[in-house]
Amino acid sequence: MASLLSRRQFTIEWSHCDPAGIVFNPRFFEFFDWGTWMLFEAALGVKPSDLASAFGIVGIPLVDAGARFLSPARFGDVVELTSQVSEFRRSSFDVEHRLLVRGAVAVEGRETRVWAVRDPADSSKIKSQPIPPDVAARFRVQ
Amino acid sequence: MASLLSRRQFTIEWSHCDPAGIVFNPRFFEFFDWGTWMLFEAALGVKPSDLASAFGIVGIPLVDAGARFLSPARFGDVVELTSQVSEFRRSSFDVEHRLLVRGAVAVEGRETRVWAVRDPADSSKIKSQPIPPDVAARFRVQ
Amino acid sequence: MASLLSRRQFTIEWSHCDPAGIVFNPRFFEFFDWGTWMLFEAALGVKPSDLASAFGIVGIPLVDAGARFLSPARFGDVVELTSQVSEFRRSSFDVEHRLLVRGAVAVEGRETRVWAVRDPADSSKIKSQPIPPDVAARFRVQ
Amino acid sequence: MASLLSRRQFTIEWSHCDPAGIVFNPRFFEFFDWGTWMLFEAALGVKPSDLASAFGIVGIPLVDAGARFLSPARFGDVVELTSQVSEFRRSSFDVEHRLLVRGAVAVEGRETRVWAVRDPADSSKIKSQPIPPDVAARFRVQ
């Protein structure tokens, strides 16, 4: 069974670029964040801003992220971002992102996030919680 | 005669918002920048990244900007940005931006930019230059 | 009586600059935000993150902002940001910012903010409230 | 022999934080970028903006980056960023970053960058080049 993949096309803006005229690397991590919210909306059918309340969580905070920058993305490039959960574990999961420029992968990204609730013992803290099976199931494509 | 107006719809992202859960004000100025590039592409038919070379300029740098924040834009809001030149002067021009949330104007912005070339007397500097009449003409709608 | 002025020196980073090699304009509004928080900490003696709880407000949201860009700030420039309340009104106030590069004003900014509390009639909204006289007094310098 | 370590203390700003009230992850990659420029200035004694011209390179572009987020950094936190080259290879090198909040490591980051020159065969491209031994030597601490 495959994993749901979401796609978003957009244009690289002047605002995304650095003095070298290419996308400044932290912007890619911002794009990955867009991708994860978009993927969750596609899979779960709830608006990103309703995700927490719909599932009784505080959110899906990031615990690890990384990227390989294979080729630059430049001002004016029309790019495609694809995002897909590569693995669900007990209470954490990995999202893989690819940014394509002219059909070729320019950046490969990954995020590890946790399914997090407020800690009942200390409301200033959060803790991970098992991902409901029906949540994970909705990311599978027959 | 009316002035060409460009529109862009997009969704307010988590990345745009501050701890109050609303768009952090500098992001609106980033949106205005998007709007101006989009408007110039619509009017002149050249990609933003080709604007400078197509017209022999270094760019259209900002000399003044401002915004009124009438109501907040929140994570998940689908917004519409409209951008329009309100006045062309000899070598500078004003762009008016409006950000609509649920059909109501939430933010009014304005930018004053100049048509700039490299200073022939000192290549490390730029200077304004008269805007070609046929450039201004393309922003008029019959 | 003069108005308290706060100063912050910092270096223009690669991350602040656009493909023209100069500070991208929304970053200046981010710097102004830094300046306002810094000024309030200097005047009121409370950490920015404690401001809301210390004064029973939700914050000091922005209702208007603007800037004049007189000369560019470039990667590596050591700049000085000065911030000062120019006027307190009943429930709103103006902050003036100046960014100096090599001793000359490169950017003049202004913000209008309101002293805001949660609306008792609708907790999803905020409303302005009179600024306590002893708050305004602490911004005066004998 | 140890590797030169640079330190920078700063305060987490409102502008760095997301609706959860903690630093938005792409900002950490921006901080890492600050750290690398600061480290190179400390080691080589040239301003970041002069690095390219001083060494005949186009820059030190990023080819890989990653971070582990161990605990959040919040608005108002005074943090310390330490940056250090962990390995120089023929034409690439790794920089390790640590962000400490109240003395404990909150984020561990790493960047892999290359020593890059303009490609003589195609000036629109860049290529890696061996790192001069005297450059690497200046990052060593006796």
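Each chain carries a letter (A, B, C and D) given by its place in the written order, and its residues are counted from 1.
We adopt the following convention: contacts are C-beta pairs under 8 Å (C-beta built on N, C-alpha and C of every residue); 3 or more make two chains touch, one makes a residue touch a chain.
None of these values were measured; they are calculated from a predicted model.
**Q** Specify the chain most distant from subunit C by Cα centroid.
**A** If we average the C-alpha coordinates per chain, A ends up farthest from subunit C.
**Q** Interface check for copies subunit A and subunit D. Shared numbers divided by all numbers used: above half gives same, below half gives different; which is it?
**A** same
**Q** Which pair wins on C-beta contacts, C-D or A-C?
**A** Top pair by contacting C-beta pairs is C-D.
**Q** Between subunit C and subunit D, what is the separation of their C-alpha centroids in Å?
**A** Result: the chain centres lie 29 Å from each other.
**Q** Determine the centre-to-centre distance between subunit A and subunit D, using the mean Cα coordinates as centres, and give it in whole Å.
**A** The computed centroid separation for subunit A versus subunit D comes out at 24 Å.
**Q** How many angstrom between the C-alpha centroids of subunit C and subunit A?
**A** Computed value for the inter-centroid distance: 33 Å.
**Q** If you look at subunit A, which of its residues touch at least two other chains?
**A** As it turns out, subunit A has residues touching two or more other chains at 14-15, 20, 24, 26, 30, 33, 75.
**Q** Under the touch definition given earlier, write down the residues of subunit D that touch subunit C in their complex.
**A** Against subunit C, the touching part of subunit D is residues 13-15, 30, 33-34, 37, 47-50, 74-76.
**Q** Which part of subunit A faces subunit D closely enough to touch in the complex?
**A** 20, 24-30, 33, 58-59, 61-69, 72
**Q** Give every residue of subunit A touching subunit C within the complex, in rising order.
**A** Contacts found on subunit A: 14-15, 17-21, 24, 26, 75.
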